Structures are given as structure tokens and as C-alpha cells.
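There are two complexes below, and they share chain A, which is joined by chain B in the first and by chain C in the second.
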Partner chain A sequence: MINESVPERQGAALVFLFIIGNSFVFGLARWAGRDLWLSFLVAIVLALPLILVYGRLDTLMHGQSFSEGLHRLFGKWPSRLVALIYSFYAWRLGCLVTGNITNFVQAVSLPDTPQVVMASAYAILVLWAVKEGIEVLARFSSVMVIFVLLILLTALALATTEVDLQEFFPILYDGFWPVFQGAFQLLDFPFLETVLLVGLANALTTKKNSAYKVLIPGFLLAAFFLMLVASASVAILGEEMYKITFFPVFLAIARIDIALFLTRLEVVVGVTFAIGGFLKISVCLLVASKNLAHALGFPDYRFLVTPLVLSIIPGSQWFAKSVMEMNLGATKIAAFTDVMVQIVLPMIFWGVAEIRMSRVRKNKAGKPSGI
Partner chain B sequence: MFFWKKAKGERSKAKGLDRLSTSLEINVKWLKSNLFADDDTIVYRHFRTKEPQARQCVLIHADNMTKHEFLSDYIVRPMMSSSLPKELQGRRLIQHITEQVIQSDGVAVFTDYNKLAEGVVAGSGAVLVEGCNHGISVDAQGWERRSVTEPQTESVVRGPRQGFTEDLLVNVSLVRRKILNPALKVKILDVGLQTRTKVAIVYVEGIASKELVDEVFQRIERIETDAILESGYIEEFIRDSPNCPFPTIGHTERPDGVAGKILEGRVAVLVDGTPFALTMPYLLVEAFQANEDYYHHWIAASFHRTLRYISFFLTTSTPGLYLALVTHHPQLIPVNLSVSIAAARKNVPFPAIVEVMVMGLVFEILREGGVRLPKPVGQAISIVGAIVLGDAAVSASLVSAPMIIVVGITGVAGFVVSKLNDTAVLIRILLVVTSAILGIYGFLFGIMGIMIQLASMESFGVPYLSSLTSLTIQGSKDTIVRLPWWRMVLRPRHLAAKNRERLQRKSRSKTK
Partner chain C sequence: MLIVIVLGYVVVGGVELFLWKERPWQEVLVYLLLLSATATFSVLLTIDAQLPVPEPLGTLWNWLQKLWQ
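Then we have the complex of A and B:
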């Protein structure tokens, strides 16, 4: 009856939770050690232009999904191939995040519960959420983002008694190289995973040029928040401890002890991890099923959701076999596929789209059009 | 109301006769043997008009549905004391009587039996005159009414003491008294094939969106059922997400509540025969609002609001969280507390989930038992239940003492948000089950599932969570907190999209 579109802030909340997602419990940018805050700044500066490109792509294909946009850019078969690549990338990411959470939960709180139980519980919820669609996910995140921010900021505020700012000095003792290594790791995971939101962000905005208003604030907020959490962890644990533990944030929050009453707050980390991770898995699976539907030539994606979501249960066990392996995977520096999917392909799309657009503009001056 | 026209048509076809005869005797005989056969409450008052041209007349009405003094003072007496000119016949005679004899403001002329019968059963007096195949229906409704009193379900410390009654027109007048503006529109429909209950759709033109009003009309017009005995019938027919326990249509007994809602762009539906008015669309935040919030100081009101949200969290989550902590994560409880809980549970033979479920069930039984009992007995039930049963259960080591505290908190907090009480019970059970399976993560899954459900719900096209998800100050002005009136510049975005400004510019700062 009343045409419901998601306001930009809800979209930004979704982007925020997507980026925070599963990432903040890991020791992000651990290559940089005590200089990780510099890595964050470098990564933010490097990521911003790419996020702008994602926003521009969204604007260019306004009103179309990612796969429709691809179709108009490259024609039938090449676009199907690209959609297949993105579908696989999204599905693999979904599996990884699920694996992260199941491993995390088994490692820190439910050691006797098989991971499959946890993964199945996630699959049920994700199945439901993906079938409801992106608007519901955006509303969900705009409520949850308040809780996540409140919980983590409170935890950090309570942790100030444990913070030792001397841990950050001396600055750049090991030179610039580790800082760049850390920055590249941050770009790969989690900043540029935002590429999956291209084509979804336009479902999240009402006005034509507002994809930026969704992506940029969501990204910046998430990036600074991650920086805060990671820096606080280093300041609490010290560089060496930060580098060798699997879940430094968890450990840092666990150190909080106020009057013997406010202790054991690490569970809140688990809670926020579970919420953010759930949102990330849902978005991944939504993108995966939409792109797969395009790749296989189906007009509707909904019937693909169930098999894809169920496949993350075994997939999570395959891609994240153990806490150790998962940790290495999460903190590696830029794998080839990630560079392709996050940087090279979007740049190609952008270039082609701009050329097409200028041609369209020349042909039909004044008439607004998509790609 | 095409369906009832159709039903009417079928009925008169079956009887074979529907137009009035010119003979009074035939008319009365036909009524007594057909439409009003076997009905002893229908009164036929025969009388004659004044000589010389005296005519035989009859006044037909249903006993106790009409005001007797009104019928005798304004219909029977003037007709008996006036002489009707002989040359007037048929339609012109009836016109003469309505214009010059009967002293009443509500008069209608009819020519068929069905109209007559409909009027009579609804409390009108019907006048038939010998030699004339037209009749006059005069509004004379008068039956026992409950007076306007303070509603029992929504009593307030500060605020008007008026509550709706069972009479539709009284209720409409109560709302109209609050909004003295011709833009307040009241449309009345008849719903229910057998009961033909009057249903009033009330809204403020220019604030409520036209699409919303049309939608409410369409949904109510689509109802084809035998009976509408309470507004709950309508609610169930027209609501969104009918299988979800969260209410998507609100109900209130208070005229000030209805006035406040329709001034924000909602539509109210008042049903004859019940003091409960429906308001739609209904959003989740409304369950946590009380009309008293708007009469108290805004900080106090915000505090009470926050208290309600906390209470709702407590009543839904305490048993689930307790279970998760005790069974899955005892390390998360501070050591001293953990020890005392363990000591209390040492002699209890059941696992914690059984304890939680059984105590929850007992509490719900006590509540259900207390609700409909006469007051003195109800008190006895609660004393027996709360003190005797609880204490005995603990000393017999059937349940642990912390469990009694958990159930107590759950129960008391549940009464704070009474509009969601039934929903809270179901959520509580869900969370207990999920927490029992996966501990704190199971609890979280339960919460996330509820959030997905809430995020996917709509009420008359408005997202159910709309104010909670706006993430702006102006959008959240009336949610967990209530901002002062001089800060509530705009009406809710989804309800009054076209006419949003409710606070004029000069009042936008505190007027000193």
C-alpha cells in the first residue's frame, strides 16, 4: 500500500554490521603489531576510493540488481560467468563466517557441542532472513546496531582501567613495511568485502545518488570502530599477546574486573559476534543466490536459497577446519581471488560502465538512463 | 453493502410479498404472521386520529428498544389530536404527517415491509395509516445504557476519567468532543449478516492518508460473517500477520487514546456493543506507550517508558537467561552467586529446564485461575498459589529458591506491559527452549528470530518496527523516551506522510 523503501541510515547500519560482522574478534592487522592503528588509517585511505567506485557502480545501475547491471554491461554469457564467480565468492565467504562462529563458540564457550549443531541453527535463521529479503535485513540491523554499539562501547569503557598507552610506543620501530602488510590484510578482510553490497545498496536507498550515503558512513563508522577495538586490545594485552592469541578482543574484555562484580564480560563479545556474523552470512547468501540464479538463467532466486543455505553447513566445516587454520586464513595478506573480486573486476565494470554511460548520454541527451 | 442487499432480496423473494398494502388490517396481519411471527416483544398500538375524518392508525415498535414517553408524547398524542384532511391520500398524506404532525427530528418514509422490520428491530417506531401504502419510521431508540465511567483495564492517575460504553453513538460523541473539527470524519457501516452490527470508521481528514482509509474500508467491507459481537471479531478478520502473536491492531477503552491516535494519522474503528475501539496501523512501540505518558512530565514519562521496555525484557528473558547461565555457562556468574545457586540447587532432583517449565506453567495456571474469578476468591487463589505453594515447594526441595525469584520477577514484570502479556508468555517459552539447547547462543538465536519476524511484519502497510528503526532523533522522539511536546515537531513519517507538521513554528521552543 505505502511504498516502503529503506532509509539511508538503515542501509548504513547494515553496512556497519556487515563489516564488523565476524572480523572484530580476530587479531586484525597483527602484522603491524603496536602500529596497527597506522595500518587502519592507511587501509581506510586506500579503501575509500574503492568504496566510492562501488557507490558509483551502484548509482550507475540504479534500479537494477547487480546481475542485471552485468547483463547490460557484458551481454549474456560473459555476465553469467562473472555472476558465477561472485556467487562462489559470496558463498565461500558465507561458509567462512559460519565456520568462524562455530569454531569460536566451540573454542570459548560450548566445548562439548558439535559445530554442526551451531551451524544448523545458523542455517535455519539465515534461511528465514534471506527469504524475507534485504529490507528486512536492513530493519533488523538498524535495531541490532544500537545493541552492538552499546554493548561494545560499554565494554571498552569498562576496560579503560586495564589500558596501558605505553604499549603503542615506540612508534614505527619496525619501519613502514609491517604497517603496509597490516593495511593490505585489512583491505582484503574485512573492508573490501563490501563489494558484495554493490547492487544491494540500491535496494536500500530511495534517491538516485544516495548509494554513497549508505556505503561511506557505514564503512567509516565500522572502520573507526574496528580500529578502536583493535587498538584497545593491543593497549590491554600488549603487542606480543595480541599477536599470538586467536581472539585477542575476547581476551582483552575478559580482563575486565570491576569490584569483583563486573567480571567475565567476554560473553558480550560472543553476543555481538553472533549478531554481526548472522547478518554477514545472510547478506552473503542473498548475494550468492541472486548471482547464481543469474548465472544459471533463472528469473527468480528464491528457490535457490534453501539448497545454498543448507550447503553452508558442510561448507563451514570444509573451509574452516580448525581455529588455527581459520586464523591464518583470516589474517593472511590479499589472496589472488580476493584481489580479483574486490579490486580488479569492479574497476573493469566501472570503466566499461562509464564508457557506456557517456555513449548513452551522447545518443540521448537529457534522457536519464541506467547502464 | 452489496452482500446485505443481496440477502435482503432473497428473503423478500422467498416470502413473495414485500410492498405495503393500502389496507391497515392486511399489513398488520401480514407482519404478525410473517416477519414478526412468534415475536412477543413487538407492540402494536392502535389509535384513531381526530374526528371528523378519523383514520385508523397503528404504531409498531419493539418493547424496551424505544423511549415510551417519546412515542406517546411526540407521535401518538399529536396524531390523535390532529385531523387529517380528507383529500390527502397516499404519498401526500404521509408528507403532511411528517411535516406537520409528528414532532421528531429523525423521520423516514418507507414502502416495504423489510424497511419497516429493519427499523423496528433497531429501535424505531413505525407508523402505518389506513388507506395508505406508505409508512413512517421515527427514530425513538432508547434502551438501558451503561454510564460513561472510568475504564477498568486502563485506569490512570492523571487524565480524563471517561471510558467508552457499549453504545456506538455515545462512543462517537466522546471522540467528537475531543476533536471539535469538521475534518473528523465518521463513516458507519453495517457488518455481520445476522447481527448487522454498526461499525464506525473514524479518522481525521487531511492527516490520515487516503490510501489507509480506503484500505480499512475495503478490508471491513470484505467481511461476510454471521456475527460481530465484539471488536475482536473485526480485528481478527482484518489484521496483518494473523498467525503472529504480536498485535498488529491496537485496542483501547479510552476516548483520549483514540483521539491521540487518529490525530497522528491513524484510523479508529468503533464497534457497537463493545467499549473496545480498534486503532490501526499499530506499531510495536505503541504497546509500550500509555496515554498517561503524555500528561506527565516528559522525563518521568520517559523513565516509565524505559521501565516498560526493561520489564518486557525481564518477563520474556529471565527464565531463559537463568537457564542458559545455570546449565551452560556457570563460569559467567560471579563466584559467590554461583556457589549459592549451586547450594540451593543441590537437593533439587530435577534438571533446571524441568524446574523452569513446571514453575512457569504453575504461574500461568494461577494467573488464568485468578483472572476470571470473583475478586474475594481470586485473592485466596493468589495467596495459596504464591505463598503456600511456593514456600512448600522450596522446603520440600522440589524447586530451588532462586527459581521462585526468577518466576516472581517474570510474573511481576509481565504485568507492566499488559498489552503484550500473552505474547510475552509465548516468547518466554521459546527462549527457554532455545536456551536449554544452546545456552546463551540459543537465547540469542531466539531473540534474532523474533527480530527477523518483527522486522518482516507490517501493519496496514507500515513497517511494524518503524519508529524503532528510524535511527534519527525526530523519528525516535516517541519510542523508548518521550521527548517534550515542543520537540515533537513532526507527525510519524509512515502515518501522516503528506501532512507531517504538527507543531507550528512559534511553539518550537519552550514558551516561557
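Then we have the complex of A and C:
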């Protein structure tokens, strides 16, 4: 078993970039229209308890890898089945994110370049990053988060010249239902995709309760920034334009024009998207490899990385065959598989883990610090 | 094109296996199986770009809906 350890600050940066990742260019919570800021607030309130559950799972597994924790929770074969499900989910998510990036690049700047070329370039980078492991990814995040924050803050500050706050009125004109639809979409993508980070529990929890210090600040900061960016886009483009555009944030930033001198700033959105996307694909493939290794009964995951990473090249073309399909997939309200993996299974793990912990405490036979 | 794809996977697999310090047969077997699956997946998508994504849960849902009716 490989011992990996990530400091809390780097872990929070990783969570932040993982959530921002490929999500912010899409019309998040578009169902809510001008009330999308309310959707964000509702989604944050709904997601927070689940993020706390993920943190609690990480804390309960302190000192053990996800696979060891699963093994002690469910036994050998059920834990392997669960690991296989999470491995497939992580691989699928990696394929979708790669598809997002290749579709985005083809739609906005390189229309004649085959998507497979960009997917292959990404795959080579991801292959290297995943083989290096979570520590390198976390250090990369801690450096890149500064650039991403600077880019987003500068873009938001410059965008204030184009903002029209009247676009947010009247509030709740269509009632609460669209707000909830938007909130459920946000829960599905991107907030609760952080469930994958439970798979890196061992590396992200250097101290007993550090999972909360990693997940909560990273999640809240990312949610706050996504809300700001999406709200600014609505205020710049208007509700209708925000709803019908594939990449509204890109379009909104493109409108920034400071004295005919500072223009075409949308390229910075592309840079942020590329950085976040790379990190997200890498984390997905890392979790997929680790879980697949556990499912197949191997202690090391590194020999599985190459086939898995190479498979995201065709996978990215398979799950979303066009920009429209990709956009519909990203902004859907909820999917059965996602609900199972993001909500139902973690709740079951948590319930079982707490019951086992209480039994251990009663018997005083084992250490109460782990499952 | 198909030959190029298959050749690409063969080269990647060959080079990587050559670079391994140890080659336990279980790991080599799993590695080769996964790489073959990936190569097959790539070839299938090259032959048919509109290859449908299997939806076992969707099929189950449709079957339940039929039963309900």
C-alpha cells in the first residue's frame, strides 16, 4: 500500500479546482433563469449535509485507504463490487469531462481539429499526473488555484462595466419550482461529484478531523465563485441568452470591452477551463484506477493507469456525441445513477460505519478511531 | 486507420511492459486484457461513431413501465 499525504491547504485547493473544473463555463442552474442565485443558495444548503457525510466517512476511515475502509465495512466481495461501481462512475466522469473539453475547444476556437487530437494530448498529460499520484496533483492545485482565482476575480471585476442588475428582477416571478430544478441540477453537477474524493480519504486526512477542513472550505469557496460567475453572466447576457447559449460565461466575458483596449478576454476562461478540466480528469482517473485495483485484488494501482487513461480517448467521443448532447447531459436535473452514487450509497456507508463504530465503542475491543 | 490504432496500442503496451521492473503474471494478464478492451473500444468507435451507449437502467425502467401498463 502506498502512503500518500496531502496538507489541508493543498487538499482544499484540490477540492476547489475539482468542483470549478469543467463546470463553470456551462449555463449552471439555467432552469432557474434570473433566480439562479437562489438555486445556488438552495443547492449549497442541500449539499452541505452530504459534504459533511463525505467528511465523516473520511474521518471514520482515518489512517486507512478507501479500499481498506470498504473491506472492513462490507467484507471482501461486497466491497469489491462497491469499488467496481465507483471505479466505473469515476471513469465515466473522466470521459465526460474530457468530452466537455474537446467539444468546448472545437466549438470556440479549433473547429477543424478532430476532437481525438485534443483528447490524446490531454490523455498523455493525465497519464503522467495520475502515475505521479495525489500528492503531485495537490501541489499542482495549490499553485494553480492562485492563477484561477486571480483570473476569475479580474474577469468579474472587469465585467462589472457590462452588468445590469435589473436582469435579476422580478424575483421569483415563476415561483419556487424552477429554483428547485436549478438546485437539483447543481447538486448533480458539480457539487456532489465531490463524492469521488472520499476515494482519496487516506491521502486527504492527515489529521483526525482534517477531512472537514479540506472539503468544507474547498466546497464553499467553489460554490461561491460559481454563483458569482453564473450570476454575473445572467446580469451581462440577460436571462434568455443565458438559457439558450451553450457556454454563457464564455460569451459574457467576451463582452468585456475596456476603452476599446482590453478586449477578447474570453481566452482566460478557456485557460481556467483547461486547468480545472485537467485536474478533474486526473482525479477521476486516479480514483478509477485505485478502485479498480481494489476490485481486482491488487495492492498497487499504477499498472492499471495506462489502459484506463487511454480508454478516455474513445470514451470522450462515446458518452456525448455533440455539443448539444454534452450540454444537455451537463445541465440535466438529475440522473438515477448519479443519485445512487452521490447520495444513496454514501448514506448507506455512513449508516453502516456509524453502527459498527458504536459496536466497537461498546465492546471496547478495538480502537475507536477507525472503522 | 484501424491498423494504425491497433498498432498504436501494441506499441504502447509493448514499450510499457518492457519498462516494468517486475512482471507478475497476474498484473501482466490484467494489463493486457484491459489494453485489448480499450483497443477494441477504439476500433468499434472508429467503425461506428454513433455507437450507442448501453443503458441497463434505462432498459430496466422501460421494462417496468411496460409491466405497469
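Just so it is clear, the second predicted complex is superposed on the first by the 357 of 371 C-alpha atoms of A that agree within 3 Å, B and C clash if a C-alpha of one lies under 4 Å from a C-alpha of the other, contacts with A are read in each partner's own complex, and residues count from 1 in each chain.
Just so it is clear, a residue touches a chain if its C-beta (ideal position, glycine included) is under 8 Å from a C-beta of that chain, and two chains touch if they have at least 3 such contacts.
Here the structure is a predicted model, which is why all the values come from computation and not from measurement.
Superimposing the complexes on chain A yields a three-chain arrangement in which chain B and chain C fit side by side.
Once the two complexes are laid over each other on the shared chain, residue contacts for A:Leu296 go to chain C alone; chain B is not touched. By the document's definition of touching, of the two partners only chain C reaches A:Ile313; chain B does not.
By the document's definition of touching, of the two partners only chain C reaches A:Phe336; chain B does not. In the superposition on chain A, A:Val143 makes contact with chain B only, while chain C stays out of contact range. More chain A residues lie in contact with B than with the other chain of the pair chain B and chain C. In the superposition on chain A, contact is made by A:Ala121 with chain B only, not with chain C. The superposition-derived angle at chain A (between chain B and chain C) is 90°, Cα centres, a multiple of 10. With chain A used as the common frame, the shortest Cα distance separating chain B from chain C works out to 17 Å. Contacts from chain C toward chain A in the complex involve residues 9, 12, 16, 20, 26-27, 30-31, 34-35, 37-38, 41-42, 44-45, 49-51, 53, 57, 61.
Listed in rising order, the residues of chain B touching chain A in the complex are 209, 211-212, 215, 328-329, 331-332, 334, 437-442, 444-445, 448-449, 451-452, 455-456, 458, 460-463, 465, 468-472, 494, 497. Across the interface of their complex, chain B is touched by residues 1-2, 4, 7, 9-10, 13, 105, 109-110, 113, 117-118, 121-122, 125, 128-129, 132, 136-137, 139-140, 142-145, 260-261, 263-264, 267, 270-271, 274-275, 278 of chain A. Across the complex, chain C is touched by residues 296, 298, 303-304, 306-308, 310-311, 313-315, 317-319, 321, 336-337 of chain A.
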